[in-house]
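Below: the structure, in structure tokens.
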Amino acid sequence: MSVKIEDQLKEKILNVAKKNPKGISHKDITAAIPEVSSAELVPVINELLQQEYFDLFNQNGVLVYKLKAQTSKQAVKGADNEEKVVYNLIEEAGNKGIWIRDIRVRSNLANTQLTKVLKNLESKKVIKAVKCVNASKKKVYMLYNLEPDRSISGGAWYQDQDFESEFVDILNVQCHRFLSQRADKIKNNPRGPIVGRTQSYATANEVQKYITDLGISKVELDVEDVITILNTLVYDGKAESSVYPDGSKVYRAIDPLIPAPGLVQVPCGVCPLIHSCDSTGLVTPQTCVYMKEWLE
Amino acid sequence: MAGRGRGRGGSNLSLTHDQLQALGIARGENTPQIVAPPPLFPKLEVKPLPLPSDAATDYMLIVKDQFIEYLHESPAYVRKEAETDGIERYSDKYKMLALNAKKDKVLDCVWANMPPELRPQAKKVRKAATAGPKRKLNDAEAIAKRLQTLEKKEIQGDEAMETNENEETVNNQEGNDDEEVEDEHEEEFEMDDGTDYANNYFDNGEDYDEEDDNLDDGPVY
Amino acid sequence: MSHQMGRVVSAILERHFGEIVQKVGDDLFSYGSRPISMIVRNTGLPRNQVIDSLRTLLKFDLATFEPYNDVIVDYKLLPDNVLLLIRYPRYLLQMKSKYGSEAELLVEELLQQATCTATTLLFNIATKFKDDKEKSITILGLKDMFISLVTAGYIQQAPVAELKEGSEIPTLVPVATIVPDLDSRALVQAMNNGHINDIKDNIYWRVNYDRFHLDFRDEIMIKAITRRIDENAGELMRFLLEKMYLTSAPWAPESSPLCAVELRERCRSAATDKPLLHQFVDQYLKVLEENGGGFVRRVGDAGSGQFTVRSRHAALQLVLCALEHCVTERLGSKAARIFRLIYTKKYIEEDDIQKNAMLVNKECKQLTYKLMEEHFISVQPMRKPASAGGMAKAIYLYHVKLHSVAYTGLEMCYRSLHNVLRRAAHERSAHARLVDKQRRVRTIVHGMRLRGETQRNIDDVEETLTPPELAVLQGVEKRLKQLSTAELELDRNLFIFKWYFMYPYVE
């Protein structure tokens, strides 16, 4: 669906909504715009919801969309042309936001002027600047009432644009603990290794439930979030994953194939100077401080 | 406008010496000097993991030591000939005797599996071999030829278990072309003299002396 | 043959055969193949010592020779065999635990002699233990064990010398091992006579290292499977390997297909010991295939399932595991996570590393660069086709070149091994005088005990070692023990790398 048609559709839906200040149901919309199929409507409505044109209510089991009070829109009403241009660009960017340089390029405004406009809009609480998690220095602008997209906010793992590595670590440990509890089921299982293996596997759903029940997370973690964590366990070499015939992912705690090898049982294996160590010179096995400490 | 910004920034960023002193900051105080270079061995953040200590390891440590001890006692462990550092000592003689007692033993090998030049052989063969044309050490062909004659004679000789070694060949290899005539004579001289291992050893010291001044000394018969 | 390998080889030669053999070995290592005269000239050693050294090297199969022409012989070091010297204790351990003390004695003696006739070997050991009633070692018992070991391939016939016409330089030709027919009566007779002059025996034997290495490989694989699944799966792995020997070359990268039917039979015969394995053999085969690190692969359905054992793949997995341990200890578990992630994804962009590894951006970058600095990962720039914006941006893909990383690991192993050996040598020489004194005191005390001298006199002698001296000696002993243990462990690590590098590199 091209952007233009989408915009027209949006306009139409908004018009219908404006006529019915008490709210409209899906049925009302399809009745008002009979030429568009319901499948085409859904993404447009979703977008309108995302851009917070609508509030969603449940009236007697029927979902009802109600037009929000357009404070922000009105705020722009009294603004000058520059502000309008900038506002539109930001609005267009949705909850992914737009970078200041892109605004400048597309609005053709001078730097100082643009800064002023942005400051203005910000102070009116029409827009906001959001730090992007991928590049900490990069700020993007979006409408004030929008929830930043995951790619910007980073989702559950970010608190005010800071990656919460400790939170991830805790979850990593907890997931591992959960898998470890059942890992031994595969060993000498009287019902056979296949049953044993199934018993030692945990589905992502099970792990998600376990984590939720633990209550260690302030935010709600969905199964995808838990899979992300479980995958870190796979990369840690502490778990292996498999897929059930129904497509759900399962995980099992494992040990490395061999215990720590000789190389890491000697200082040289962990030595930061190993590559500058030689038979002569300042760093030699005879004069090595690490070797000395190790032998004490 | 532009000037204002710069001016303000400038005065903010660097205080004059007097201003600093007024604030109670003496020179150099705010930048503590790092006197020592970073340590050669920075502190290790991780320790190596513990080594195993079990019966199997203990067993292996014991047999390892036994094996090495066995090798050290066997002729497979090749000992140095001379420990002399130029100073003659009374004890030298006894040391050498002890050393030579060990050296006298020959490594027990399957000689047929060894190249002829490694087999124990009688030394008189060598004497005959020295009578050859003057050779050029740098010429591979000449060496080959010489070795050929040498080897042939050796092979003809009996393979008694006498292990007297020919020290002179060493000298030959080390010497330069000019010394070669002398070397050859010397070789014959030594050959006649060296009748046993111990003797051979004692000759060694003189040998080196001779090497130094054998340009002056004529061959000794 | 790397520089680091040369350093280890040199240190091992010094430890076992002294400085002179070491010098000759160094010379051969750095110049490849050369005749005596060149060794003499380059090392400055007397010719007779070079000859002695070469004898030692040839006897213990640490060097070979080949005729350059009719008279000149070129010598060549076999550095891989030199490295095996430090594996000596493991060979003995293997014999002792698998076949008992008679086998241990046979292999010990044979390793010490390098090559030996069966008669001499048996006679020498039997004579040594003639008066040891406790062990009850008899020449006939030894003979039976000897034949078992030959049959099992641990002992093989040594190559024999062949003389080409017109040349006096022998060529050593490997011969197929034939299980010997040793005359029991003659052996017993020899024991009674106290000499073996009456027995004519000119067949020489030596230890077959490769056979031991196969044992080591099998054990590593079985243990790994036991860790991953359970003892039953480990046992099944053992049976698979057993069957593999019957049909495939023992080091084959992948064995020829093995039938499930045969394995089922094998499990049935072990039913009392491993009832679960017998009951669920098909399930175990499935789990082994799916969760066993890829050591075993199903290749067909004939005979109710056909399986191959993948030695090459196992070596790869184990080297990878060893390297992961190494990264974990050197750079931390987060770095190991990145390393594994990159290996799993084959090629990956920096942004995706951060997303998948779930690490703070900065930390993630730092660790990635550290990994690169230490050659655990590499980066490959890829030019993106010029985009609409006109700016052609290059993207950087990280990946793990396992073959070269394994090489880095191998080099680290060599380095560590060299350092451990050097340090031990340093320790010994620093306290040589004291250790020597201790040895002398012990010898004297031993002699006094034999002569039945009074405890007081013995104490007097023993007290010549002062308490501080004893404390120092204790410290030295402890440190040397630690270094020796490290040597054994490093050798074990080296084994895995060597196994991996046995197979030619394939992309």
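Every chain is named by a letter (A, B and C) in the order it is written, and numbering of its residues begins at 1.
One rule holds in what follows: a contact is a pair of C-beta atoms (placed from the backbone, for glycine too) under 8 Å apart; a residue touches a chain by one contact, two chains touch by 3 or more.
The model shown is predicted, which means the values in this text are computed figures rather than measured ones.
Chemist: If you average the Cα atoms per chain, which one ends up farthest from subunit A?
Modeler: When every chain centre is compared against subunit A, the largest gap points to B.
Chemist: Tell me which has more C-beta contacts between its two chains, B-C or A-B.
Modeler: The comparison resolves to B-C.
Chemist: Can you give the whole-Å distance between the Cα centres of subunit A and subunit C?
Modeler: 50
Chemist: Using the average of all C-alpha atoms in each chain as its centre, how far is it in Å between subunit B and subunit C?
Modeler: Distance between chain centres: 28 Å.
Chemist: What whole-number Å value describes the gap between the mean CA coordinates of subunit A and subunit B?
Modeler: From the centre of subunit A to the centre of subunit B is 66 Å.
Chemist: Can you list the residues of subunit C that touch 2 or more other chains?
Modeler: Answer for subunit C, listing residues that touch two or more other chains: 329-330, 482, 486, 488-489.
Chemist: Mind pulling the subunit B residues that touch 2 or more other chains?
Modeler: Touching at least two other chains: 46, 48-49, 51.
Chemist: Could you say which residues in subunit A touch two or more other chains, in rising order?
Modeler: 260, 264-266, 269-270, 288, 294
Chemist: Which residues of subunit A touch subunit B in their complex?
Modeler: 260, 264-267, 269-273, 282-283, 288-290, 293-294
Chemist: Please name which positions on subunit B make contact with subunit C in the complex.
Modeler: 46, 48-49, 51-53, 56-57, 59-61, 63-65, 67-68, 70-72, 74-81, 107-110, 112-118, 143-144, 147-148, 151-152, 155, 163, 165-167, 169-170, 173-174, 204
Chemist: Could you list, by residue number, the parts of subunit B that touch subunit A in their complex?
Modeler: 40-42, 44, 46-51
Chemist: For subunit C, which residues count as touching subunit B in their complex?
Modeler: Going through subunit C, the ones touching subunit B are 15-21, 36-37, 40-41, 44-49, 51-56, 58-60, 65, 67, 69-73, 86, 88-90, 92-93, 96-97, 108, 111-113, 115, 158-161, 168-170, 172, 204, 329-330, 332, 481-482, 484-486, 488-489.
Chemist: With touch defined as at the start, can you tell me which subunit C residues reach subunit A in the complex?
Modeler: Within the complex, subunit C touches subunit A at residues 7, 220, 223-224, 227-233, 276, 279-280, 283-284, 286-287, 290-291, 293, 317-318, 321-322, 324-326, 328-330, 333, 336-338, 340-341, 344, 351, 356-361, 363, 409, 412-413, 415-416, 418-420, 422-423, 426, 478-479, 482-483, 486, 488-494, 496.
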